[in-house]
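Shared between the two complexes below is chain A, which has chain B as its partner in the first and chain C in the second.
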Partner chain A sequence: MSAKVAVLVFPGTNSETETVRICLDVGLDARAVRWSYAENLPSYDAYVLPGGFAYEDRIRAGAIPAHDPMMDAVIEGAQRGKLVLGICNGAQILLEAGLVPGTGPVRKPTAAFTRNAPVPRFVCTHVHVKLAVEPSRCAITAALEREALIPAWAAHGEGRLAASDEHLAEIAAGGHLAFVYAHADGTVDERAVPNGSALGCAGLTNKAGNVLAIMPHPERDAWDFNHPDLRSGTNVLSPSGGAMLFASFAEALKDV
Partner chain B sequence: MANPSFPVIGVSDGDLRSAAERSGLTLRVDELRRIAERLGRDPSRVEVRAFDAQWSEHCSYKSSRHLLGHLPTGGPNVMQGPGEDAGILHVGEWNGERYGVVIAHESHNHPSQVVPFEGAATGVGGIVRDVLCMGAEVIAVADALRLGRMERADSHQRYVARSVVNGIAAYGNAIGVPNLAGDVCFDEGFDENCLVNVVALGLVRERDVIHSCAPPNAEGWEIVLVGKATDASGFGGAAFSSVRLDEGDEEANRGAVQVPDPFLKNVIMRASYRVFEYLRERKLAVGFKDLGAGGIMGCSAELCGSGGFGAVVDLDRVSAAIQGMRPEVLAVGETQERLCWVLPPEVTPAVLRIYNEEFSLPEIARGAGAVAIGTVTREKRYVLLHGGESVMDVPIELLVGAIRDELPVPVMPEPAPVDPQRRWIAGERAVGELFERILSHRDVCSREALYREYDGVVRGTTVLPRGYADGGAIAPIPGSPLGVALSVDGNPRYGRLDARRAAELAVVESVRNVAAVGARPLGLTDCLNFGDPRNPEHYAELVAAIGGLAVAARELGMAYVSGNVSLYNESKNGNAVPASPIVACVGALADVAKIVTLALKRSGSALYFIGEAQNAIGGSVLAEVLGVRGAPLPDIAYARVRGELESLARAIDAGLVLAAHDISDGGLATAIAEMAFAAATQLGRTVGVRLDDPRAWTGGAAGNLEALFGEAGGFVVEVADTDAFDRSCAGIPFVRVIGTTIAQPVIAVGAERFDLARLHEAWIRPLAEVYP
Partner chain C sequence: MSERSVAIALKIPDNAAYTAFLALRRLGVRVARVERAQILQFDDGGDAGAAVRRIARNEALFNPNVHELEVLEKNAPRPGEAWIEMLRGEPEAAGGSSLRRYMGWRLYTEGDSPADVATVRAAVEALLCNPAIERAILE
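And then the complex of A and B:
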């Protein structure tokens, strides 16, 4: 019996289909749950918040959906140890909900993914993210190798981690910095960061390590056909590349 | 009729003309008289607005329909030809189902010139609805942009260039449809009239296609309006598209532009997919159509009229954003994000529930939702009610039937034969700094800075995003290796010289681009962007271009399944855009595993040129950079073009091609440089090229600069197994080795060496400054 995973759909979400698809392909029992039919959310074992422009990014990306009633179930579940993965807009929502880095009270964010810098423009570009903590630090990454390098697409206008110096220091010291941007060969420097993100941050986890917020989209580089020049297998439909993060997510849910 | 009338009968021509002008009507005096004569009375104000929209060129194609009849529109790949909101091409079978790719292609030129962000955004919004209403899931968008000179940072042209891209990005990104293909040209001919052409693709199983017409048993069915609350935006939009831009009327023009709401559209699309599912379960044939030109009136009249019915629509049932809107604004205004269903009454409640409750449209945007507004009638009249009274009651075929306003077709001279051998550049010259000048030319330089603002990978189906190959490609059917490729092309430098050949070259280029990734070209769409057809020069260009489109498609076995005509692309002082026939080609791949990118893969491979160099460099970037005048466009020998396509397809199918790139703007040397750049930036590999002296591979057919930078077309192909490749191309005379790939980051041409990093910098910089 595989774990039941809810992929949340807010008004304006746009990445639910491929997110459900990669979850299914790594063996999870995933389905999209829409805002208007979300009463049974608490019955799910884990939650994925996919990309998009929930509530039109009004005020700030993620600010309004963090207060959607669906998030009550997600916050309660996260506090009880359920796994929560937020991608792109989903990551922004998790920060606005205060679940990651989770160093302050719920719905009182201590950090945000905000406007790209130096140019505040939407950018769609291929990136790699590198695991910057011990794999076991976060349950969702526990089955990855140390310093795992995951291909993904950055596609956002608000992906730059911003926080006060004090909170940035807390993020670094508390092992919250789960993923940093890297080059294809694994080296890390400023040129690999597409959005001016503080600490080169591409992903954050919470204290307990059961919530992961990642800005780039591993699910858009998750099958062999997504990277035709770098195919790993013989079946063009095989999950590969970014699918490794979802495989690790599924591994963590194996015994749920 | 309590509704005030628009006096026509007994009014002098002069007075009628000034009354029409005062009311902002584009109907001519003779057209107003024809309406009054057919009605046997003066039209009401609502009626006159309705005819103004329906009889505009935008809706009626009245001065181009007879010309478009020359285009081939049928063939084995055609599932749905022109005539509905979009065409459909048969792309392949999967799990026993025949799948179609829906394609629509339109212009949104006038709005984008006046308010570029909103104009371009609503262009995407409109084309997406055209595809959606065929019952399809929207799987990709593309755009062809023709922009003015953007060199000056404070110019209006640069403002337009940036805002158009912002608008396309803001809309396409939010609805979650990948931007897969497109092109952009910068030319002074677009300083006062930019062109924004948009293409959208959808996926549909053949048996699930929904038509934009009321089905044969639709008498008594309900007309259901879905989407945004109707407001006063976009009033007069269809007519606005069918006149010249006059700067003095900028304020009035702005009022005609619609307001985009991609957030609402995102939800409407998803709700509509759910309705499709519901209808499929019940195997119901219904009608579904996008509201575009002519608003509620235009859409409901065409839906019912094309099914052989009439309609009664009650404007009081329309959700209005503002109290007290005049009936003609409610009826004809072009508020965005609306669609219209024709449904059996027993199904309506379930459909309303999906939109209004399951997807809670009224909570997403004020006044949004789905509501039944009228009935399909047996009597073939179009009736509008407002305040309980009839404000419009006309024969429906008079409103939506074909009207003609045909100008005599000029006798076109046969194009002068091109002598491909005649030289326009004296002698042989060193390449020198010319390479960098061509790579940094505004029509050659990298487009990445522009398209990186577009989400090209949402939906997770993208195989080739922009920049990876000549065409974009996706694998749209979950669990299937079937692929769809797309390219959009046209060249204003060619259009300025020779509209007919420019049209032919646009077709050839789009087909080549799709073939270069290994796809089988399936079919075409066209968008014809021209000046005022009443100017004989522009009309002759339009006629010539349509002739060229027809010839090229027939020669290559292609058909047009959809298209659009945008005339009046000129300002008041008569400056028209260069003739701009823009063509999109859709291709199919049986297995995306066989796809080919343009990045060079390794050193030690052979580089082949499939094609023939010519001295005819007219319209090329080379000619412009060198200041060569008078040269003709290259000769198109279709037998050779077909041979090029066939030999490439065979080699790709046999797995013999490591990389392939079509030769276009900037010629063969530019194509090779782009292949080396892609190796570095996309694969992290250093691959350079040693190119043999052109004299060795042209056999004297062309000078060295013409061979390197001329735009006669063809392909550059990277091959590892030359013996197998030679066998695959045996007997084809225009396939030859021109060089090898090397491990050094240089391109060497004969004795000259060019540093790849320097070339790359020249290629990247120009647009990076415009789109930082």
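And then the complex of A and C:
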């Protein structure tokens, strides 16, 4: 029996359809769960927070949904070891909820994915993210190869990791830096970072490794028709690189 | 040099302020109403009227169809208010610009009285400020 995965839908979430679709494609029993059905969440085995603009990013991106009753179930589940994956706005929510990097109390954020720099404008560009920890450091990445390179689309105005120097040092030393931006050949430098993110960060995990927050959208490069160098003659519904992360997520849930 | 502060608020219903109000109530912060305003602080060059008129004519800052502009008596939060500022180094922080921006959150309790400092601090710590990127100034 497949693991039951809830894809959370807050008012303003807009990426639930493709997120549910790729989860189904990798064999998970995924379904979208709307904010008015928060009471159903404890029965799920894992949670995915998809992209969008939950609650219209009021106050700050992720601030209001981090305190939504849906997040009570996600936080409780994460503390009990359930897997939680946040993508883009979902990643912002996980930081506001304090689940990642998890270096402070719950709902007392120690970092944020905030306004891009040096120019605080929205970026929409194809990127690659590189696994920056041992795959086993995070349950969701455990089935990936070392230094796996995953294509994705960055589509955000607030994706730059920001924190105090002390907390950035803690993120680096604690193995919380799960993914960094990279070029297509796997090299890492500042030019690969589209948003000025500290440490070149594209994704963070928590201490236990059961929560992963990633800013770019792997689910938007999950089939070949999503990929920017699609060639004619290709089966457009073949899995693309972004599907690797979800396949690894499904692998981590196979014994649930 | 004389510093001047103005508050630019919506005169139509402010959905973000209402969302903050609902969230704060759910978090146990006892507020009856929340107002939000963009606070702009600048050197008025000794002519407050001309400086305020310049702000009011800047369509990127002020739209008379939806905004109201209030010149503040002091360059500090009013009773019941917290000003949230991006930390230095953030792209939206004042930097070398002569214009400082804050998000002003003004809280009211039952009877429409400005909230006390303890209530404002509770709201700031619970929701209104992420200390990783922002700092709060209270009255």
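Keep in mind that, in the parts below, the second predicted complex is superposed on the first by the 249 of 256 C-alpha atoms of A that agree within 3 Å, B and C clash if a C-alpha of one lies under 4 Å from a C-alpha of the other, contacts with A are read in each partner's own complex, and residues count from 1 in each chain.
Operating definition for what follows: contacts are C-beta pairs under 8 Å (C-beta built on N, C-alpha and C of every residue); 3 or more make two chains touch, one makes a residue touch a chain.
Note that the coordinates shown come from a computational prediction; the quantities given were computed from them, not determined experimentally.
K.L.:
So if we stack both complexes on chain A, do chain B and chain C clash, or do they fit?
P.N.:
They fit side by side.
K.L.:
Mind working out whether A:Glu56 is in touch with chain B, chain C, both or neither, as first, second, both or neither?
P.N.:
After superposing on A, A:Glu56 lies in contact with both chain B and chain C.
K.L.:
Looking at chain A, does chain B or chain C touch a larger number of its residues?
P.N.:
B
K.L.:
Return, as a multiple of 10 degrees, the angle whose vertex is the Cα centre of chain A and whose sides reach the Cα centres of chain B and chain C.
P.N.:
Approximately 70 degrees at the chain A centre.
K.L.:
Touching A:Ile64 in the superposition: chain B (first), chain C (second), both, neither?
P.N.:
A:Ile64 contacts chain C only, not chain B.
K.L.:
When the two structures are overlaid on chain A, which partner does A:Ala163 contact: first (chain B), second (chain C), both, or neither?
P.N.:
second
K.L.:
Given the touch rule stated above, what does A:Arg115 touch, chain B (first), chain C (second), both, or neither?
P.N.:
second
K.L.:
Does chain B (first) or chain C (second) touch A:Thr17, or do both, or does neither?
P.N.:
So A:Thr17 only meets chain B here.
K.L.:
Contact-wise, after the overlay, does A:Ala222 reach chain B, chain C, both or neither (first, second, both, neither)?
P.N.:
A:Ala222: touches chain B, not chain C.
K.L.:
Looking at chain B versus chain C in the superposed three-chain picture, what is their shortest Cα distance in Å?
P.N.:
Checking C-alpha atoms only, chain B sits 6 Å from chain C at its nearest point.
K.L.:
Once the complexes are superposed, what residues of chain A are shared between the chain B interface and the chain C interface?
P.N.:
55-56, 119
K.L.:
Show which residues of chain C lie in contact with chain A when the two form their complex.
P.N.:
Where chain C meets chain A, its residues are 15-16, 19-20, 23, 26-27, 86, 90-92, 126-128, 130-133.
K.L.:
Can you list the chain B residues touching chain A in their complex?
P.N.:
Touch residues, chain B against chain A: 169, 173-176, 263, 266-267, 357-360, 364, 451-465, 475, 478-481, 483, 591-593, 595, 597, 599, 601, 682-684, 772.
K.L.:
In the complex of these two chains, what residues of chain A are touching chain C?
P.N.:
It comes out as residues 55-56, 58-60, 63-64, 67, 96, 109-112, 114-120, 162-164, 167.
K.L.:
Given the complex with chain B, which residues does chain A contribute to the contact?
P.N.:
That would be residues 11-15, 17-19, 21-22, 34-37, 51-53, 55-56, 119, 121-126, 153, 155, 184-185, 217, 219-226, 228-231, 236-237 of chain A.
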